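So that you can tell them apart, the chains are marked A, B, C, D and E in the order they are listed, and the count of residues begins at 1 in each.
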Amino acid sequence: MTFTTTKKLVILSAAAAILAAACSSGNATTAPAGSAAAGTAAPAESAAAASCSGHTISLGGLATLEGPFAVPGQDSFRGIEQALNTFATRADKKGWWLGDCEITLTKEGSDATPAVALEKAKKLIEQDNVDILIGPLSGDEGLAIKDYAKTVPDKTFVNGSSAAQDTTFRDPAPNFFRFSTDGAQWQAGLGSYAYKTKNYHNVVTVAEDYSFPYTQVGGFMYEFCAAGGHVIQKNWVPLGTKDYSSVVSNIPTSGVDAIYVALGGSDAINFFTQYAQAGGKAKFIGGSITVDQTVLGTTGAFQDQLVGTITASPTSDTANEPAWNEYVKAYHEQFPDGLPYPGLFALSYYNETVGVLKGLAAVNGDLSNGQQAFMQALAKVAFDGPTGHIALDQNRQAIGPNYVSEIQKGADGKLAAVVISKADNVNQTLGLPADSPYLAQPVSRDFPSCP
Amino acid sequence: MSGTAAAAGGKAARRWGLPLAGIALLILYPLVLPLLFNANQARYWTLSIGSQSLILGIVALSLIFMSGYGGMVSLAQAALAGFAAYMVALMNLLPSTTATGGTIGLGLPSIPSAVIALVLATLAGALVGAIASRSSGIYFLMLTLAIAVGFFYVVLQNYQFLGGHIGFAGIVGPTGQPRQNPIAFYYLCLVVAGLAYVGLRYLVRTQLGLTFQGIRDNPRRMRALGYRVSLHRVAIFAIGGFVAGLSGVLGVWYRGNISPGVVDLSRTIDVLIIAVVGGLGYPIGAFVGAVAFLILDIFASSVTLFGFSFDERFNTLIGLAFVVIVIVAPHGLTGLVDRGWRAARRRFSSVGAPVAAAAADVPVENPMDAIAAPPIDPIDQRDPDSMGISR
Amino acid sequence: MAEPVLAIADLNVRYGQSHILQGVNLEVGTEPLSLIGRNGMGKTTLCNAITGLVASTGSVKLAGVELVGRKPHEIARAGVGYVPQGRRVFASLSVEEHLRMVAKRGSDGWTIKRIYELFPSLAARKKHGATQLSGGEQQMLAIARALLLRPHLLVMDEPSEGLAPIVVENLIETLRNVAKEGVGLLLVEQNLGVATSVSGRIAIMVTGLIAVETTSAELLADEASQRRFLGVSSARTEAVPASS
Amino acid sequence: MTDFLTVCLNGVTLAALYFIVASGFTLIFGLLRTTNMAHGSLYVLGAYVGVSVVTITGSWWIGLLAGFVAVALIGIAIHLGLLSWMAGQDLRQALVTIGLSIIIADLLLAHYGGITYQIPPPDFVAGSISLPFVVGGQYSAYRLFMIVIAAALGGALWLILNRTRVGMYIRAGIDDRDMLSALGVNVSRVFLFVFALGAGLAGLSGVVGATALSISPGEDGRYLLSSLVVVIVGGMGSLGGAAIGALIIGLAEQIGLFYAPTYSIFITFVIMAAVLAVRPQGIMGRPA
Amino acid sequence: MTVGSASEALVPALQLQGVGRRFGALQALRDVTMAVAPGERRAILGPNGAGKTTLFNVVAGDFPPTSGTIHLYGTEVTHLQPHLRTRLGLTRTYQNSQLFMGLTVADSLYLAGRGVRGGRFSMLRPRAADPALVRGREIAETVHLGEVYDRSVGSLSHGQQRQLEVGMALAGNPRLLMLDEPAAGLSRGERTLLIDLLRSLPRDVTVILVEHDMDVALAAADRVTVMQEGAIVVEGSPDEIQANTTVQDIYLGHHVGTHHG
């Protein structure tokens, strides 16, 4: 669409209808990277669903493409495409196929705000008419999409990497599925490890002031508090804060064994830099996106201090398991310009898409009757992903593996996260009984609490 | 609007023909869509394009009203709309306890909620006016921008009463879920937008409206004629707040939820872009700009220009389009059409193509002209006795 | 015969719909010329047109060089010094800075040193901010500033405005001296006394046109013209009965 | 007490950064009456240039210089190509620069991606130095160094404005630009110089800021806003006002972050609204 | 409007007592004391920069005096806001027309009349019988703008704009009308019309007039005040003023020595 067409449309809204056809046909429908890339993956599953009746199955992908999460957002789409390239190709035809049904993917980018995510989701569902929406990326976006999903019962919503607890834990939507674990599950094993092995008894937290960090801090505290630890101070930093110097000043200089930091990307770098510059000496415990490649790869005075930092996450670059290695190899082959390792976001979107393909295969691509059969099949899907076994609970929430890692300096002098332990089949309550006092309220600024 | 059309002579037909055609088009729009699209797409074009343009158009209209008739380019309008949306949520939601212990929600029906929200938005507008109306020009622009951003940070951080980063969900308007009944919601928006437009067009011919224009042109003289200018400026803001509030109420019903993203900096800039692209000098430009903006925003990622795909660089395209419009068409798209229309009319005395309802729109003062305007008294402009003041 | 210092031919200025200057023709030679007229007749606009501060059509030639269409700074560099109405000294600059800012290199013509000799009171207050000066001193500074450009022509807009009589006398003395230096002088005045004291030739402007060119002596003798063109009279006129 | 002193020092060092950013903005506004809404984008641009140059050369100082020069050149292009054609139309200029900022941000995202970059500080201020009165007894040397940079820049700008011929032109141009041109000064060239200087300062501040904090997409809006708030509070077009405004805002942000973190940013805007309600032209501003 | 009552006649329409105004270093007004009787026509003369317009601005309330008091028909208004002075019956014109360039003549005159009549916040369209509208129409005829009643102010000629300037001041039914150089820039014919207009004003309107044009000033004034450098130099009847040599010196600059030529 050129600018002149816009103008015409503005002038005469009757033309809108005609133009609509032009625009809707011009959507960004992405074909796979090509047979060369796809050829390396085994087209294992497509044969199983050979009886699909030849209609088109339309997938919508929603991730963040603006702002600080733009890079993870791009990696998220790689996750979707990798799953399709691996499980939905045919030797005889280009494109993605489930048997005789072609699968198309329409992508939309948000800016990590619920408002825009919702608008883009509406566009995908209503204008682009996708059957299944995969996304979004961040926590509050997910909560908004879950609410929207309730109003569109005949479409299937599959999470992206959004990890707020309440997307599935409280008041779930019947047509919303999450094959990735949530932000609390991502901390499984960390609290016990910090208390029992590292002997951290008094911890201060520093985290951003919104739902995802609440979930992360909560997940850490479920285990840490239960083990007898004390979180003596919580610093909730307003979104958008860049200068952490006064947050640093607020951290007690004695009586603190470690600082739990749940900040992402540039914020983590800013905090670590300023903490180091202020001469701080405490050890760190990291949230799932706190000590990632960006942080470890950034040179700075804080580097030495990061050695010994413990963190937990559903993925580990150095897991060295066969399934993981195969997944990483395929990622590098398909996306030569990708990140050094497929990150948390790529893996989440990958697992979600794999789940969708398994579900579709189970019903032979049948999406009729308001997708009822498909959704029932999808709820029963379980598979072995790159990191381990994934199954859904009664709220359609994943039960899956989780890693605890520690930052160590490698032989080459570079920092890397080394796996300490892996927990399989982590459920959404982290093993706590349903009537546990820690689950009595949604996680928030003040809950849970063990000062 | 007019019964004259029925009894129309040729002249009346010419005067009312275009607006009536435009109105008919707007009314028929959602009814025609199902003939062209499948149900989902028709719904999308009814709601996400149709209703949303009207909703965005109303808030841009409030900005155009304030700049055109009040001489004040206010960037606080998106925030005022958001304020009304939040108020609707607080009135409408069932009482509940937030995680931090605050109690929110009065559980009122949707219409009383909206009425209260509009009253509060009007008051909030007046309050902003009381703060901002002492400054003028570019200072005013920046001050209202800062007020808007300040409001954003309040709602972003307040979990006790305003829902913080997540905001509130589950707000339902009088027509129910827009998705369930898109056409009803579209007409609701159309009626509100029409009333706002006609109301403002009427207002400018009233005593109060004339007063506003007098203040825009020459506040000093208005003071000397016995008007309390500061009070009238507050009144302009109150009306601007009311109109922006209408947009906020419809917006929260449209989305069903409200979150800080609706009042952030980019949304504030969006409203300015809509008003400028549509034409700051034309009330109808608010809606023209909204349609253009939405189309560009939604479809920019599928644009290919000179062989370059804007797939991922759609923001560059939006920025370029905006800069080009500001440079080549300071009166926006409506101004462009208006000028073309007048030129065409001059050339062919008969009525030509049904170019635009815009041509029937009366241009108001465009603040972008103010700069190029000649000094008030062209001859020997300097006032010798007032020299002491400026020195 | 040499080119006149300033030759204006058919000069027009329009602001929107107003036609302010309606074809002005005027010449200034080595003799000073005073331009008088009531408020609102376009005198200041003429000054602005000469100095390039407003757009005009027609011709303004400085010693044969066309000025119309050139930018103000080019016109100033070509040799037009401007002493505007109300002095317009820069509030942020000291006296010394005013002079240093425009002073040219070299010792020919006007230098800061000579200015201080001409206006000793400026020398005494060189560190003062320009707006701390009295009205007369500000006027001197405005003139000094223009002189340092070493202009061929000095355009002065109501220099006597708001000055005490004793200061006005000094001013007149100064202007006569400047004129003797060979600088062309176009003096716009409302004060008939000042105008006639400085220059022998007088042009009268009425609504955007030069209505009359005459000599000082003739104008002083012609009460009717004074009243007609200036709205004032230098002598008692027949009593106009006040309405009652 | 050490808490409070530390927080105040944090505020002052942040103020130093804000002053460096806002000085270019206020300079441009003061003379040209142009509200350069792309100032934040120029900041980010300078930071990225700094990142690239420091990576290649390894020298922070060369990076600083490169940030200044590159962005000053961009500023010249913007002024000659766009803004000088609409001189005096302040609203239109503001709108054009808003459009530019959208484009610049997007192109930078395309080239540098969403990754966070940080510029390592020069060696002599890389660590911390001991200060007895702050929390922990240690304070970041670079943050203190920022105060030195801000003071040096402020001093240099003061000297340019008050001790050079072009400085006299600038001050005179702020007072009465028509009269200045009638004195033979090519005012448009002075304007160009000032715009280039102001843009260059934005670029330079980007390098300084990316060293103290970091640089990533989205920072443009942040620094545009902080510049706006600083100069609105301090008074548009006044260097001293920018210094006072930066101090007030820097202190308010850090004290707020310490004592009332939830509303720290909001407090800044309350201060701004309060100042303007009493003095619409800002603390040091002249009446509009 | 009624003719001033007997008691009102005793009170000056305008009473200035020791009024001074300073702008930084500049003393624009010095100790101005004057009284203008109800119904009087007073002209204020003086060279440029004498403080005439500053005097108007102080009386109208654009800024307060730095010293002294101002009474309007016996009411102290020294620190009263401008719009309240207008509602007390004081209106003025400006040397540089202060008009509403985006409005029509009709709207301008209507607004001018509405300002002192209340209903300023009415959200109704003016009725045809609205007194402010009716009065505006009358005024338009009075100031010879009847033919351009519906034209936009920006399209008027300079002379018409000057007439509108006066018309807008009249529309407020003033008790005290202050005219700042109403004849500036007018052609000869237009000036004659202006003099006629001033003469035709009802005698219960007090008029203060700053004018350079002595014809206009003397034709319209009962008494004349001459100012210089912010102070009153002399006050008297037109005849006295014309005969006064000080005035001639000040006003015409005749004290400056011999003439050329």
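One rule holds for everything that comes next: a contact is a pair of C-beta atoms (placed from the backbone, for glycine too) under 8 Å apart; a residue touches a chain by one contact, two chains touch by 3 or more.
Please read these numbers as outputs of a predicted model, since none were measured by experiment.
Counting hops only between chains that touch, subunit A reaches subunit C in a minimum of 2.
Compared with subunit B, the chain whose C-alpha mean position is the greatest distance off is C. Greatest Cα centroid separation from subunit E: this falls to A. The centroid of the Cα atoms in subunit B and the matching centroid in subunit C are 52 Å apart. One finds 42 Å separating the Cα centroids of subunit B and subunit E. Averaging Cα coordinates per chain places subunit A and subunit B 37 Å apart.
Contact of a single residue of subunit B with at least two other chains is seen at positions 153, 157, 266, 312, 315, 373, 377-379, 381, 384, 387, 391. Counting only residues that touch two or more partner chains, subunit C has 16, 18, 39-41, 91, 131, 158, 161-162. Across the assembly, subunit E contributes 24, 26, 48-50, 95, 158, 185 as residues in contact with two or more other chains. Subunit C makes touch with subunit D in their complex at residues 51-53, 71-73, 75-77, 82, 84, 88, 90-93, 97, 100-102, 145-146, 149. Within the complex formed with subunit A, the residues of subunit B that make contact are 25-26, 29, 32-33, 36-38, 40-41, 43-45, 47-49, 99-100, 153, 156-157, 159, 164-167, 169-170, 177, 179-180, 255-257, 259-262, 264, 266-267, 288, 291-292, 295-296, 298-299, 301-303, 305, 311-312, 315, 321, 324, 333, 336-337, 354-356, 358. Against subunit E, in their complex, subunit B makes its touches with residues 202-203, 205-208, 210-211, 213-214, 216-218, 220-229, 232, 235, 365, 373, 376-379, 381, 383-389, 391.
Interface residues of subunit D facing subunit A in the complex, by the touch rule stated above, are 3, 6-7, 10-11, 13-14, 109, 113-118, 120, 126-128, 130, 134-143, 212-219, 222, 253-255, 257-258, 261-262, 264-265. Partner subunit B is touched in their complex by these residues of subunit E: 23-24, 26, 28, 48-54, 57, 60, 62-63, 81-84, 86-87, 91-92, 94-103, 107-108, 110-112, 114-116, 119-126, 158, 168, 172, 185.
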